[in-house]
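Before I ask anything, let me first share the structure, which is written out below as structure tokens.
The first chain written gets the first letter, and so on, giving A, B, C and D; residue counts start at 1 in each chain.
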Amino acid sequence: MSADSGGKPGRTQAPFGRRLCEVADSRPAGGYRIFTLIDEDGPSPGPGQFYMLAAHPDWAAEGGRPYLPRAISHARVSGNPAGGQRLDFLIDEVGPGTSRLAAMSPGDACWITGPFGGRFSLPRQLNPKAAGAVLVGGGIGIAPMAVLRRELVDRGIPSRSLLGFRDREHSGGIDELFGCEETRLAFEDGSSGHKGYVTDLLLQILEGDDSGSAAVYSCGPPAMLEAVRRICLDRGIPVELALESPMACGYGACFGCAVPKADGGYMRLCIDGPVVRGDEIATAMAGEPAVG
Amino acid sequence: MSADSGGKPGRTQAPFGRRLCEVADSRPAGGYRIFTLIDEDGPSPGPGQFYMLAAHPDWAAEGGRPYLPRAISHARVSGNPAGGQRLDFLIDEVGPGTSRLAAMSPGDACWITGPFGGRFSLPRQLNPKAAGAVLVGGGIGIAPMAVLRRELVDRGIPSRSLLGFRDREHSGGIDELFGCEETRLAFEDGSSGHKGYVTDLLLQILEGDDSGSAAVYSCGPPAMLEAVRRICLDRGIPVELALESPMACGYGACFGCAVPKADGGYMRLCIDGPVVRGDEIATAMAGEPAVG
Amino acid sequence: MDLSTDICGIELSGPVLNGSGTFDALAARRVFGDSLIEDFPFDCYVSKTITMNPRPGNPPYRLWETPSGMINSIGLPGPGLDGFLERDLPGLAGLGVPLIVSVMADQVEDFEVLVSRVATRDEVAGIELNVSCPNVHSGLIVGEQPSETEALMKALRPITEKPLIVKLTPNVANPQEVAVGAEAGGADAVSMINTVKAAAIDPGVNRTWLGVGAGGLSGPAVRPIALAQVRAVSASVGIPVIGMGGITDAESALEFILAGARVVAVGTENFRDPRAGSSVTEGLPAALGRRGFGSLAEAQAASLD
Amino acid sequence: MDLSTDICGIELSGPVLNGSGTFDALAARRVFGDSLIEDFPFDCYVSKTITMNPRPGNPPYRLWETPSGMINSIGLPGPGLDGFLERDLPGLAGLGVPLIVSVMADQVEDFEVLVSRVATRDEVAGIELNVSCPNVHSGLIVGEQPSETEALMKALRPITEKPLIVKLTPNVANPQEVAVGAEAGGADAVSMINTVKAAAIDPGVNRTWLGVGAGGLSGPAVRPIALAQVRAVSASVGIPVIGMGGITDAESALEFILAGARVVAVGTENFRDPRAGSSVTEGLPAALGRRGFGSLAEAQAASLD
């Protein structure tokens, strides 16, 4: 499904330069927002890949920001009747960039470059003995998990989805992206499902499993990713994480998206990630303020 | 009609601070555009006064500009059925600020401060022997002329309007602002009316007149204003000109809008103008590139 | 929330000043009337820079808008010392807030006259020294040289006990060195940043846009530069810092306080909104609260990780 | 329109380079494939700055967006001289445009090694000296001192006949003095501006956002600063200037040429559009025409009123 260009396995090559795509739809999704772009020229992205997006015109809104494009994972890919593909994005409005993207209306235009980065491996690539996949998503991080889950379903590979949220407000997108698929939910505020962290659910599952046959995939807030990473590393379970880091370019030009590697030095998350193996990195919380 | 606060006679005092007004309408007007704001709190402006306008949100569009508000003369004032007043503005899209203003749609919001500056004098104030007024407008400068003309009509003071344009493209607003009023037109490209400059029409009129009873008012491009000014000064005819100058604030704060005075030094056009007597200034073309 | 504070002994009802030359209170009163006084946007008013003799200022154009900022080459137009003391000062005294008078000269002797005549007026709470000017004797820009700045301060310090504030230029490699010079010479505070040297090309004609070829950049574009300099300077001197450069709202004002400024000044944003100073003040309690501060003093005392 | 030109003897098909450290052609080829080469956006490729030994670069965060700009504190990560010459240079030679290699060191001896080993490689058309580094002996930032810059150039000049370009820092009061020093020492050109010292506060937590506390500002926000410095420097030296700082399109590129630059470089805009260099080139004929120029050379020869 993707042409390998010599980087990570499974890298889909992006068309060179940015292209202007039409916004086909924008709708609320709980506390988040989902919008749809019609991408006529891009290749089909793999789960875990991302795009750099910039609303047009008026990118650079009140106060001179946003100025740089924003890294956003696709949350769904589907065919577009008139050609090309439809890309859905799940957006959490945390600042000027995400707010400007969420404010786009159907018919508006959006600059897009990508897809960038490498995709998640398949369970057997991650763990030759894998029987299936465990997907652990948190907050806005459910978007790449939803894409991965769809691919696994299409390929007939069994998977279980564990999704964690702070509260109802931060669980947007779940209905649309996971639909009636079976999921196990954790809410920190206990508003539904398990009361507590999604990592509690992961621990339950791993206890019941033969951990030698597990393959874990995760995307979510840094603290959650680091907890998932530690749980898996402690048990010798192969795990892939889709990380975030401030990005200016998305294609290896700026060296801004540094993530510390387990063996010292840094990787560029945009081209060496955003999907990394748990044992490749020193921490999933680089740059985050120290806790306490 | 306006409270004098100790500055120029006829200064209408502006409410302190900026206010957000609704865009009621926006329509093409030849090569220009006219839009309407509903100003609920502002006082009634006099002819020659201006506002500082900034579209909201997304003032600061592509490339970080516009950033400062833009000085725009009102082109018409009318009552608003639901209270307050409706202000029409005639816009020539010459750069990021005017383009962003022209892109506003009904229902959008616009920051406004003002009205700023002083108004045109009445003919008898300008020339005690004045029988009426000669209004000379060019291009976008027909806006304040239209406001002055309306006031003169309301007061029963006779006036003649001479309007000059480069070509059809640059004569927008004339139908709407001057309607079926009698005007004499000059087009540099000869597409209609007199072929040549509006100053040719002014010279014709002044030759026919007793120049002792003339009072001339003008607004338009700097070169036209300077020609009008010289024609009048040479003949001892009192003339008021509404000038332009780059403005950051509009209320005397930045000292940016300097126009050289006849007796040396500079005036701040925003508070000492924008209407100036022809003999008050050294040139109407300050800052303009030297010709030739 | 109580926002009252002080800057080198001047009691303030809040931490928001205006940048010198960015708000003409007398002109604003003409335009806005008494509502300006009833709702005066600043906790302390800083005059535009006064010179010995009247100055016409620079030829037009004096302004150009840039991405998220503007360039000005105003050239210090003003009535001169006598005109200011006679005609402007009485009106400024009626604003109801403490008054800081900014002065500039190109020789020490003139600075001495300016400071001594301004300082004797009861209306004046403090004096800001704009030192971005060439010394007519040395030819050096005083504010670019730690030693020139220190020498100037040593000459002026004995003249008055009123607070003397040095306005630093950002156009140096290490503003902290100049600030250290100012402190060594006896300054009570530094204010910063002044505008950053900049130029613009006429969009239509092949010439520079500004009448004098170049000017100074201000507005949000320079805020990151100002924050770095405020942080470097406040870490290097014991005297308080008045921070400015691209402040547009309470959040950006608070960034300066976190970077080490004691109080802040609003400049270019006044041009976009005459009440910008008040908006900053009105937003401060919420901005402080969002960052976990119970008072302005807590933020002023906080040091960054 | 013919856009071909040259910079200190290096023939170029057009006047658009990339800013060092703002376009990794090898990474871009991995991401975009051969279409990068077919449609290479620059007329000359400038490598990121190479150091003697491999460097990991700075701890995160390394980026923050500012009004119309960004701050970076990347910290020169790289494979070191050996790694660059062995692994990167052959790939860069395949780009099909002349190659300038940027180098930096904190002692003259290391600069000598870097220049001599890089210069001997046929793939290399010129060498850019990033001198925004402290001299380990004097402690002074070389590029802030005219004399240090001149001394460095005098040491390096005899090593090679290939063009040596000095990349100037904007963080000085008078960049033209440093440029004069570079010229006196034998530099063939200067390139400018590098990033402007800047800092940002974490919007959520009371700390600086960047891992190392401060960084460098780039993008449209600094364009007015860059234009003023390019104008001042090009008026002071006879060697050509490579102008950059916030160039986003043909019009802003042409502003630099009018300000005195011979050719230009695109930096931060590459992050917004990987083909930004090509867009600038594609827009140049129309931009030149709008200003009444029949060729690039006419604009390069024009002097501003």
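Observations
By definition in this document, contacts are C-beta pairs under 8 Å (C-beta built on N, C-alpha and C of every residue); 3 or more make two chains touch, one makes a residue touch a chain.
Everything quoted here is computed from the prediction, not taken from an experiment.
Looking at which of A-D and B-D shares more C-beta pairs in contact, the answer is the pair A-D.
Comparing mean CA positions across the assembly, the chain most remote from chain A is B. Once the centre of each chain is set as its mean CA position, chain B and chain C turn out to be 35 Å apart. Averaging C-alpha coordinates per chain places the centre of chain B 47 Å away from that of chain D. The mean-CA centres of chain A and chain B are about 55 angstrom from one another, to the nearest whole unit. Touching of two or more other chains is recorded for residues 64, 66-69, 203, 205, 207, 219-221, 305 of chain D. Chain B has residues 60, 63-64, 67, 289 in contact with two or more other chains. If you check the complex, the residues on chain D that touch chain B are 67-68, 220-221, 248, 305.
On the side of chain A, the complex with chain B involves touching residues 56-64, 67.
Chain C meets chain B in the complex at residues 21-24, 27-28, 30-33, 35-36, 39, 48, 56-70, 72, 74, 77, 202-205, 207, 211, 219-221, 268, 270-275, 278. The part of chain A that touches chain C in the complex is made up of residues 63-64, 289-290. Listed in rising order, the residues of chain D touching chain C in the complex are 64, 66-69, 71, 141, 144, 171-173, 196-201, 203, 205-208, 213-214, 217, 219-225, 227-229, 231, 246, 251, 255, 258-259, 291-292, 302, 304-305.
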